[in-house]
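First, the structure itself, so that you have it in front of you.
Note that the chains are named A, B, C, D and E in the order they appear, and that numbering of residues resets to 1 at the start of each chain.
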Amino acid sequence: MVKYITKRLLMGILVLLGTSILIFTIARVVPGDVATIALGSRATEAAKEALRQEMNLHDPLPLQYIKWLGNVLQGDFGNSFITKRAVVMDIEQFLPATLELVIIAGVFIVIGTFGLGLLAGKHKNTWIDGLIRILSYIGVALPAFVVGILLLLLFGYKLEAIPVLGRLSSSLTPPTNITGFYVLDALLTGQFAVAWDAFLHLLLPALALAIGPIVQDARVLRSSLVDNSTKEYMAVSTGYGLPPNLLIRKYLLKPSATSAITMMGMDFASLLGNAFLVEKIFNWPGISRYGINAMLNKDLNAICAVVMIIGITFFFVNMIVDLIVAALDPRMRKGGKK
Amino acid sequence: MAEKILNIEDLSIWYRTYRGYSQVVDHIHLHVDKGEKIGLVGESGCGKTTTMKTVMGVLGKDLIHIPNGTIDFRGKNVLTMKQSDLLELRRSGVSMISQSPMSALNPVFTIGQQLMDILKYSGKYNPRDKEALKNAAHEALTSVMLSDPDRIMASYPHQLSGGMRQRVCIASALITPKDLLIADEPCTALDVTIQDQIHHLLRELVEEKKRSLIMITHSLGVARELVDRIYIMYGGNIVESCRTEDLFTSPSHPYTQGLLSCVPRLSGGGLSAGIYGYVPDYVNPPKGCRFCPRCPYAKKICETEKPPMTEIAPDHTVACFRFGGEEQEKGGEA
Amino acid sequence: MSTKKSFLSPSTKENLRIYRYKFSRNKLSVFGLILVCISIFFAIFAEVIVPYPESIGSFVDYANASLPPSAEHWFGTDQVGRDVFSRVIFSFRGALIMSLVVLVISVPVGTILGLIAGYYHGTKIDAVIMRISDVFLSVPSLILALCIASILEPNMMNSMLAVTIMWWPWYTRLVYGQASSISEEYFVKNAELIGASKAHILFKEILPNCLSPIFTKMALDVGWVILMGASLSFVGLGEQPPTPAFGQMISDGASLMPDIWWLTIFPAAGIAFMILGFNFLGDGIRDMFDKGGH
Amino acid sequence: LSGCGGGNTTGETQAAGTTATGSTAESCITIGVSGTPDLDPAIAATGSSLIAAINMYDTLVHPSDTDEGVTGRVADSWEVSDDGLVYTFNLKKGIKFHNGEELKASDVVYSMDRLLTIGEGYAYIFSDFVEPGTTVAKDDYTVEFHLKQSYGPFLNALVRLFIVSEKEVTENTDASGSYGEHGDYGKNYLVTHDAGSGAYQAVELVQQDYFYAEKYDDWFMGWDNEYAPGAFKQMAITEATTVRTMVNNKELDITDTWQSLETLNALSQIDGVSIAEYSNGLEYNMYMNNQAAPLDDINVRRALNCLIDYDTICKTILVDSTLSAGPTPAGVTGHVDTAQFKFDIEQAKTYLAASSYADTYKDYPIEIVVNSDVADLEKIALMVQTAAQQIGMTITISKAPWVSLIDKMGSVETSPQITIINSAPPYDDAGVYLQSRYSNATQGTWENGEWLSDSTINDMIEDALGTTDVDARLQKYADIQNYIVDEVCPSAWLCDLTERCAYQSSYIKWPLIEEADGVGRCVNGYSQEYYRMEYHTELK
Amino acid sequence: MSEQKTQGKELLIAKGLKQYFPIGKDRFVRAVDGVDFSIREGEVMGLVGESGSGKSTIAYTVMGMYRQTDGEIIFNGTSITKNTKGRSKEFRRDAQIVFQDPGSSLNPYQDVRQILSLPLKVHNVVPKSDIDDKIREILQMVELPPDFMYKSPNSIGGGERQLVSIARALCSNPKFIILDEPTSSLDVSIQAKILNMLMKLQEEQKLTYMFITHDMGVMRNVSTKIAIMYLGKICEIAPTKTFYEKPLHPYTQMLLSAIPVISAEEEALKPKKIKCEGEIPSPVNLPSGCSFHTRCPFRQEICTKEDPVMQEVEPGHFVRCHLCQKK
């Protein structure tokens, strides 16, 4: 187990190094004059030159990379061109917001997937199954940002039922920063009204993010439930006279869950990067929106940092999912084939 | 005559397939008496497993269609049973050793977890008495010659060899006492030496505790050593049934004869030519006798009509126009 | 000589019949096929069939701007007076071309790499190829595509390029899994023992066995590529105006919801139409290659 | 190599005020902006930064409300030497920075030197004629600027010199910065804090989310306006749906000016919401790259000028804008009305026929690159494209985000053939605008996409800017403008933009808008001086 | 026919053949652990043994599918193990294998014609234009109709599939064919047919077979000599007749005694029933001494300590057992 994790970690570091080379190269080779991008075209030549020195732009690319990597390893991604401060500080600020959002969305995904998936699997080939199937197709076909806009209009604009924008109503003070998660911090400091308000703010964007994955993963779960229900071991277990409920919830669900869990893990991990449209719509001050801003503004240091951070998170989420899957399905242990 | 524990009358089972119904089991009659060991012998794919799974009621309605027939177990028709009765039937009435040990165990639970659940829901034990459950499981595993029950209980199926898995399957079918045991080719993955031991175990179990056994196999040798009465199945029909001794002394159905001749003898003497042709297509089975296209004695009538089961000697019935029906006299020689 | 028919499978009538049966058994697959055919038809004949072909190109008619759906303009008109119906129909072309280009490049590349890695399972070649593809998989594809598209010139070509760069590793991974298990099969061993060339083994023995998941994934991926393109358009990195594109129309229209709803809803419906079509089709293809009998 | 400096202010919160974090004042006016501001006045250049700076910092002079020119603000009075090279300002006494220090002449000197040394933001408007280190404080309340060469509009330019407190900045300087003895020149500190003396003081900046500033009670101008907002909050929101929802919920008081026509229409439907119209001196220009074929022929450029439906632009696309009359925005000191082109396809044909591309222009497709961040630009491009089609010219349109557009304009080869950009003079003077738009000095910046390289214009501009006599200078400006339109015709001037935004008129009084006769006019950024507005909480 | 003594030269000789599979650090599956045997031209050598005893591994090692751990293989007079980069072209033509599993030995995405034309093309057996004719000829040899050419493996039954596999093995006119349980997954009725055909081909084409099976009944009827395997080692080799009449190794006796038979006549041939006990050890942790001692009813002190060596007890009859050792 420990060996497996160490091996995964080493492999992950290798892959992340590859990712960093990739992104660094893209960010350095392609764009025009970095100094102009950073300081604007009317900045004085001296100011631009100072920046070039600072970013080692005169060095050959491999050397630039090594210097950059050296700084990164010390936790220094350089300064953002937009916010004019250390990128690390930006990330400190934006990452928790997105993580909080994505985690709630993840909870939705898990609950929704298992709920709908089991429902469809249990009632396979009935109207319930059909309805869930149709829902899943709609889920595939409707992009999250369209869902987000619809939710915003419905709940925030028409019904005014739920606070929709930002992380907290402007009348409230954010809780002291402990974890960066508003709900958690507010609970820890005993500000229940704040926690509730922050939670309400999370609802819609999380839902917009979760709906697509839910309906699709539910279908994956449903189909492996149906697949496995024709397996010999299900017939055999039925033959032992085990109660039907136990058969479905235990004997069928556990071996069927792995593919859906893998999918959910992937979805969850990609939410981190793909949340930007939803973050934009709900004015959510998250890392994804920050990353997109960085990209649109060619904020090169920030781009590299965001991609690396997302890569790292992606890697850890995948590893955790693999561990969960291995815990559920002994066949997957020992780093076995998928 | 002894009490019939299982009585199958005129049963047909059709699989739903993309080409239409696959008429796998066709009007079969079969019965098992209390304390009797019967053998169901036939080539691969002739419907042995299908029949027995239907007896257990584990084939879903979306998979099969039963156009006619009844399966009476202890006097109650399994096909029309309520869910609760069915559960009861499986808990105390019948158990089945699956043919495919590789896929008969749930891959994500340890053997122990699976055995314990069977015991817990069997109604024979107090579900809270962990100790008793564990002992029962241990006992079952040792009875099939698995030497280290603790380790086996803690293992997942994929950690066991095929032979071990097969023995685990056997153990879980024997773990609680049942009136009827269906053994579906229980020894395919086992060495002849172990196979021999398992057969011994099964025989003991049935004989000592007055239970009944259906032994499914395609090996006539196994049937000969183990059972009292044999049903020969071909293409979804039961073509011959008789006491074991009679089968080897006076095989009557052409298929039975062919089958016997095909078995390579330990005494040497070369190989037979095999039976001409291949098994029928179940979606469009031959209209008359299903063996007719391969039968050296086939006649006109065999193509169009199904031969009835005819008793040619006490306890010896054959479904062939060479015996019985109006063709009986002429059919003797060919 | 073994010609085209050998590529997929021996085209016996029986096989085709089974495929057709399995495919058409699910009515939705047939429905999907119809939707896809309609989409292709739209894409090819857009200019001919739309009621206002001029709306596709550069055209402004402020007198008729922002009209709601009516008999003349089924889907209404946009802010500069172009017919939304015509533009939606025309967008099918861009969406199809984008998915086509992306898949036509990324599928062969990914597949060949996957085949090689899978066949040389457990060797250095395997490790190198798979680690490289891991690098691309280690960042969410949309992020990396955006990153590439924004750093390069933001236009259709570069978006496609960016998405393509993101796409091949998925096929490598898919084919890798398949190929590494297929290469354990006896028929591959046999070909090796006979002394067949590596090319024969990779492309004639292993590849055909990987095609069904590839085709299935391709059908489903068309939907993803379209969505990806739409997302890129949403932040201004996609098809360039005035050529209509779904994502562009949705993002332009989104700011006008809910009053001028037809600018968002109809293009969204257009996307949904195509994606549904290809998803149903993908399901059908999967059913078609499904080994399970019933 | 910790070159980037100051990345290690660990754990410190964004807050400038120690305890006031986020607690929102009762009458806080909330404004939508496209991005959170740069608070450092030496860097500030974006719209939102400018607004923040104007409200937090004081300047020596202030644009005059009534007539052209400036009035004193921090400066009580000033003199100019005869050669126009020395400007001496006498400062008011008792002006207090937000940190309680008094504003002295040395602070002005420090601010100027700091701006020039850092070299970003508005440094460029001084860097040509003021050297760092040449400005001197004669005494605590007298400051002298020594110009390298005479520069006519210097006084006007001073509205962009925001005065920072030397003490506060030096106290918060990170010594490891790249400005030698000045360390990082307080850059890092000023990302989230201010060091000004203005009407409002920074409280909290949450990057890409909002900037919150509260009223500074000891502001030297005093608070006669009892309804002045107690605080302002700039929120970075651009998504139209978001804006609408917030306006609807009265969470947003003034929107940014980049909302589309349709959004504004919808917003105006909301109860208590009005559309504010004002002019910041922004002129919409269609830049043509004069060195790229076929735009290197004046007649082709003239033809394109005739393909623009100016009326539709002003009425339908950039609603309520005024027709542009010449190469400078109307209302800027020194602007004159020049000859104007009309939408006339026949005329365009005539021009084309007269050009050297008369036979071949069809082989030269022209690309219009539009800024993808501004919704309406595409509509204008589309219109031109449609009109061009009628005479067989091929025009293609592509969109680029602002940053890549700037990047492209860095060299003549990559500069778009045509692009549409609005620009405004950095301060109220036509000359500085002419210089940034048409002289060689600014080629390669986004303000100058024409690549004119016309020595006549260069000389004329240089001469005009060096003229200290106001009337003579304005006359020279007029000549330049006419010359540009008649002899060079480097661009097309689409309109003088009327900026439009929605605001909650039911409880906000906005004198600039409400007291204006027609469209309110002001120097860029000064439309949003919050101390002048009234925020009636009781009406909300 | 099995009785006849074939006196050809030795076609295949294996000396001290070992095949270990690494599983983790310093742990091996000793699938084949030092076997010696030889097959003469025209002989049918039967290799029997229970599942997992290493029969297939021997076959695959001979064919060169694994990098062999140790030992030497001589085929047709030349050592083929020297050639580490796979087998020579001649060997690939002269030696063929028919795999155990008909399901996976044919590519489901090719038709029979494509399957059969591969060896024809690779070994240039006939000119390209004659390939179709040759395929028909070969199909006829295995008694399949010529129109089988266009069938796909999915649409034919298991028996026919195995026939196609055999046809493929015949394509290159080999001298030597390894048959790895060619009929174990088939019905008796089809098995008989295929075995018959195989024996007919062997006679007609003067083929040499290595026939792997675990069915003692089949073995009795097809082979000229039998080797019996237990846990990676051969424990007894004898001419068929001797093997059944005078089995010496306790394992052979145990095996023979447990076979279910269908007639009293056969019953009489079986040795007296030997009760077996004990677990089969895993090939990873082989017991010390004789690997069979854990189950052997005649086990002695020496068996647990010393591994017996192969000894020729009478001409052609080799046994590996301490009990049968001639002192």
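Throughout what follows, a residue touches a chain if its C-beta (ideal position, glycine included) is under 8 Å from a C-beta of that chain, and two chains touch if they have at least 3 such contacts.
In this text, all values refer to a predicted model and were calculated from it rather than measured experimentally.
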Intersection of the contact lists for chain B and chain C: A, E
Each chain counted as touching chain B and chain D at once: A, C
Distance in touch steps, counted as few as possible, from chain D out to chain E: 2
Of all other chains, the one whose Cα centre sits farthest from chain E: D
Cα-centroid distance, chain C relative to chain E, in whole angstrom: 50
Rounded Å distance between chain A and chain E, as computed from the means of their C-alpha atoms: 56
Chain A-chain B separation of Cα centroids, rounded to whole Å: 54
Centroid spacing, where centroids are CA-atom means, of chain C and chain D in whole angstrom: 45
Chain B, residues touching no fewer than two other chains: 63
For chain A, residues contacting two or more additional chains: 31, 149, 153, 157, 230, 296, 298
In chain C, residues with contacts to at least two other chains: 150, 236, 254, 257
Pairwise chain contacts, counting only pairs that touch as defined: A-B, A-C, A-D, B-C, B-E, C-D, C-E
Partner chain C, residues of chain D touching it in the complex: 239-241, 259-263, 265-266, 312, 316, 372-373, 375, 378-379, 381-383, 385-386, 389, 395-401, 404
Interface residues, chain E side, partner chain C - complex: 63-65, 87, 89, 92, 96-97, 99-101, 104-111, 113-115, 117-119, 122-123, 128, 150-152, 154-155, 168, 172
Interface residues, chain E side, partner chain B - complex: 1-2, 50-52, 157, 159-160, 186-196, 199, 214-218, 220-222, 244, 254-256, 258-263, 265-266, 269-270, 276, 278-280
Contacting residues of chain A [partner chain C, same complex]: 11, 14-16, 18-19, 22-23, 26-27, 30-31, 137-138, 140-143, 145-146, 149, 153, 157, 230, 269-270, 272-274, 276-277, 291-292, 295-296, 298, 303, 306-307, 310-311, 314-315, 337-338
Touching residues on chain C, where the partner in the complex is chain D: 57-60, 62, 65-66, 79-80, 150, 153-155, 236, 240-242, 252, 254-257, 259-260
